[in-house]
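Chain naming follows the written order as A, B and C, and within any one chain the residues start at number 1.
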Amino acid sequence: MTSGPARFALASPENRPLLDVQDVGIAFGGLKAVNGFSLQLPERSLYGLIGPNGAGKTTVFNLLTGVYRPDRGGIRLARHDLTGRKPHEITLAGVARTFQNIRLFGEMSVLDNVRLAAQLRRSVGALSTFFRGPRFHRCEADLRDRALELLDVMELRGDADAPARSLSYGHQRRLEIARALATRPKVLLLDEPAAGMNPQEKQSLAKLIESLPERFELSVLLIDHDMGLVMKVCRKITVLDHGEIIAVGPPDRIQNDPNVIAAYLGEPTPDA
Amino acid sequence: MADFVQTLETALAVGSLYALIALGYTMVYGILKFINFAHGDVVVLGAWISYTVAQWCLKRLAPADGPPLWLGPVVLACAMTVCGVLGFLIERLAYKPLRRAPRLNVLITAIGVSLLLQNVGQLDAVFGSSPVSMPALLPNPALVRMSFGGPGSSEVVIGLVDATIFVTAGLLMLALETIVYRTRLGAAMRAVSFNAETAALMGINANRIISFTFVTGSVLAAAAGFLYAMKYPGLNQPAHTIWVLLGLKAFVSAVIGGIGNVRGALLGGFVIAFVEQFGAFYISSNYRDVYVFALLIIILLIRPTGILGTPYREKV
Amino acid sequence: MTAAAPSPVAPVQDESLLRAALKGLVVPLCGVAFAFGVWSLEGRVLDAYDTVTAMNIGVAMMLAVSLNIVNGMTGQFSIGHAGFMALGGYTSGMVTYYGSLLLWGTAARQGGPFGAGEWLFAASCVAGGLVSACAGYVVGLPSLRLRGDYLAIVTLGFGEILRVLLQQTNRVIGSREGLAEAKWRELIPPPVGGAVGFNGLPKYTNLFWVGLFLSLTVIFAVRLKRSAIGRSMIAIREDEIASYSVGVNVTRVKVRSFVIAAFLAGVAGGLYAHRIGVNIEPRDAGFQRSFEYIIMTVLGGKGSVTGSMIAASILTYLPEWLRDFDRYRMIIYASLLIAMMLLRPQGLLGSREIWDFLPWFRKRRGTAR
């Protein structure tokens, strides 16, 4: 966290976005899953990405994190060009994500799930692993402390030693966020973090997401089907339908946008 | 030139055997997405049952002038029946309980079934652990003689046995092709292979389709075993490396052609047989297994899903 | 933030770091002591026959534990482990045999315990491990593009190719003069005995060396499992996509697991080749031998070091215990394999170690490590 915003701000002028996505597209066979997608994510912002089922939201995440290589367009994070990079390189550059269909390391303990993500920029060789010198122990202790800190934030510390698959659904979603945060991202992509949560859980999740940009000095890009959550949390929203952007703007404008309403309620047929 | 044509002829015969066995691997992989390691052992069983039945019949009949012509088809039918039943049982007992288990577990089970079949087959009470000689059920007159060059030069002979192999293998593959692509049952098979759950929702009894696939594969394997025993009458004991290699090469054929793809299995069978036979003849026969596995590794590195396979994208 | 939740974990201090680091050295030293311990049993508690059994068990344990790094921890499926073992064994055999010929003019044993010959042998085992590790790197590379069953087939192909190549090697050269006068046709392919196996190796393997290499292997495997590298391996086993999403370089970790496992298997191969009474043969590289080690790891539990050790000792000891066992050995192995998959697919110990079943130990490990 010491690679602070001050230094960062010097490197990138105010008007330059942290994450800059320009005209990205991908097709599967004949289907254009995402077409001409652009997005400018400022620093420490909360940004929403919504759209009906199958609109291509998760595909956008997969493009941003390198799971799919875009057919065209470019992705930049600050000064790094991320277009076509491998997923782990993109994570290293500072883009972390959660998954819509939770993907935790089920057999590993909750602590180890986070610790694994925290070890990203700290490597220990095989020999050091065998001899376990002071360096090894210091590194492991640091990782543990950092992981426990994040578990505290997510109120998961009590479960630190439990295997991840034994957690409840809501806790698993929170653990995914903790794990993503442990990679020290500059941009955090949350894919339906509120899915399957009850109203209370959703409320505390909303509070948590709102606190993330200041606390961890990052920007959040949020996908969710809970419009209440997205409208409440995000300052700006992009709406996707059939892989194309149909609206961009602050929540109150989006709520009243006729295109968006049509996309969600279905097109009124001419005869009707 | 004569050598070349002779090698070509052998490669075609061996290739059709590989293809016949590869079909079983590929059909099971297409539907259940795992390598049925035990398939190669069903082939062995087919060969040994053919031997046992033929031996028993010949002892009973004791024909004076060679075995009657009808004996071959009868032996083949027996081997196919027994192996079909066995294929059904293997699937029911070993694989069906693991329908929802990780693929690796099913693979390990398949290895277990394979080892079990080999070693039970080798017990004295079953087939015993010494090699035997398959009685010739067919006369092997030369059907075609081709000579290249002047008199005295070597000539190429295509015998009845090799011809039988082509014809039987060809007919069986044609039958399979018809079943898979021309019948309702085949449509159901392809549906289950595409997406078992959706197929089940459409009212297809996936378990029956899977059983049918195993039975069909095993029947083809039995035929391959019978034909193999006709061509190479010296039958080794069931756990002998040569059998394992036969199964592996057929499997490699399926992988090279694109596993899960019926036509790929044919293509792969012939490719493997050609590489093996020509490599053995023109380079060195000591390294024939090396050619096969080296080709496998090269093809997998260039096209991980095989020549005719479709690329697969994991859903995130 | 840390104060918010009461926790039994004390902040790590430099003093405890130093103690932990000391422990890092003490445990391997205990391994050396263990080696001396088992060695001292040789001839006293264990007769010649038991000694051979014990050595076989030790070597099998090393192979099962090392295979478990690839198959259990990383979740890949290698059916070529015997190939790595044989490669290490043949390499190590060449080093001791031809090294002895060149140094002393004879391949016979040189010196007593810890004499020159034994040190050459120990070095040869490490050399075998290194050569095997290089092969592990090459075989691991396809894991970049292949997953699951396909990778399994490639490893199987590796073992089979190696077996056939070993069968075509030249016969062993018996004397220094023979070696000096040998034409290149007798040296390439290397003179390691062809189909009959590598005869005439000095029989250096004893319980000390088995104990030493075994304990180092086990310590390494256990420490690997509880380290950054081990965590990334287990993560790949659990979910490859999630692994790279948290920045794990999946390819590198997979290749690394192959290299580590191959190295350890190669060292074990060195011990295997120099055992009393048996020669290393091309057959030892084949997949049937690989299956035996797979059965041990499956039986022990995925990623469980101690589980593999228990399974390896049971399966190696069974033949001594059951009369006529050899006849039914493969049938029993096969039935065990199927039964395990149907009834207890996670293996005897699952992914846990034997000490995880001790309550006080579990408490102590907890979040503290």
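Assume contacts are C-beta pairs under 8 Å (C-beta built on N, C-alpha and C of every residue); 3 or more make two chains touch, one makes a residue touch a chain.
Given the structure is predicted, the values throughout are model-derived calculations rather than measurements.
Chemist: Among the chains, which is located farthest from chain C on the basis of C-alpha centroids?
Modeler: Relative to chain C, the chain with the farthest C-alpha centre is A.
Chemist: Using the mean of all protein Cα atoms as the middle point, what chain has its own Cα mean nearest that point?
Modeler: Smallest centre-to-centre distance to the global C-alpha mean: chain C.
Chemist: At what distance in angstrom does the C-alpha mean of chain C lie from that of chain B?
Modeler: Each chain reduced to its C-alpha mean, chain B and chain C end up 35 Å apart.
Chemist: In whole angstrom, how far does the Cα centroid of chain A sit from the Cα centroid of chain C?
Modeler: Using C-alpha averages as centres, the distance is 41 Å.
Chemist: Which whole number of Å gives the spacing of the CA centres of chain A and chain B?
Modeler: Here chain A and chain B have centroids separated by 50 Å.
Chemist: Of all residues in chain C, which are in touch with two or more distinct other chains?
Modeler: Residues 241.
Chemist: Residue numbers in chain A touching 2 or more other chains?
Modeler: 67, 99
Chemist: Out of chain B, which residues touch more than one other chain, so two or more?
Modeler: 316
Chemist: Contact residues on chain C for chain B in the complex?
Modeler: It comes out as residues 75, 77, 142, 145-146, 148-150, 152-154, 156-158, 160-161, 164-165, 167-168, 241, 286-288, 291, 294, 298, 328, 330-331, 333-338, 341-342, 345.
Chemist: Residue numbers of chain A touching chain C in their complex, please.
Modeler: 65, 67, 86-88, 91-92, 96-97, 99, 103-108, 111-112, 115-117, 119-120, 122-124, 126, 129-134, 136-141, 143-145, 148-149, 152-153, 155, 157-158, 160-161, 179-180, 182-183
Chemist: Taking the complex as given, what residues does chain C use to touch chain A?
Modeler: Residues in contact with chain A: 1-2, 4-5, 7, 9, 11-12, 17-18, 20-21, 23-25, 28, 219-220, 223-224, 227-232, 234-235, 237-239, 241-250, 256, 260, 351, 366-367, 369.
Chemist: Help me check something: in the complex, which residues belonging to chain B touch chain C?
Modeler: 34-35, 94, 97-98, 101-109, 111-116, 118-120, 123, 239, 241, 244-245, 248, 251-252, 255, 286-287, 289-290, 293-294, 296-297, 300-301, 304, 314, 316
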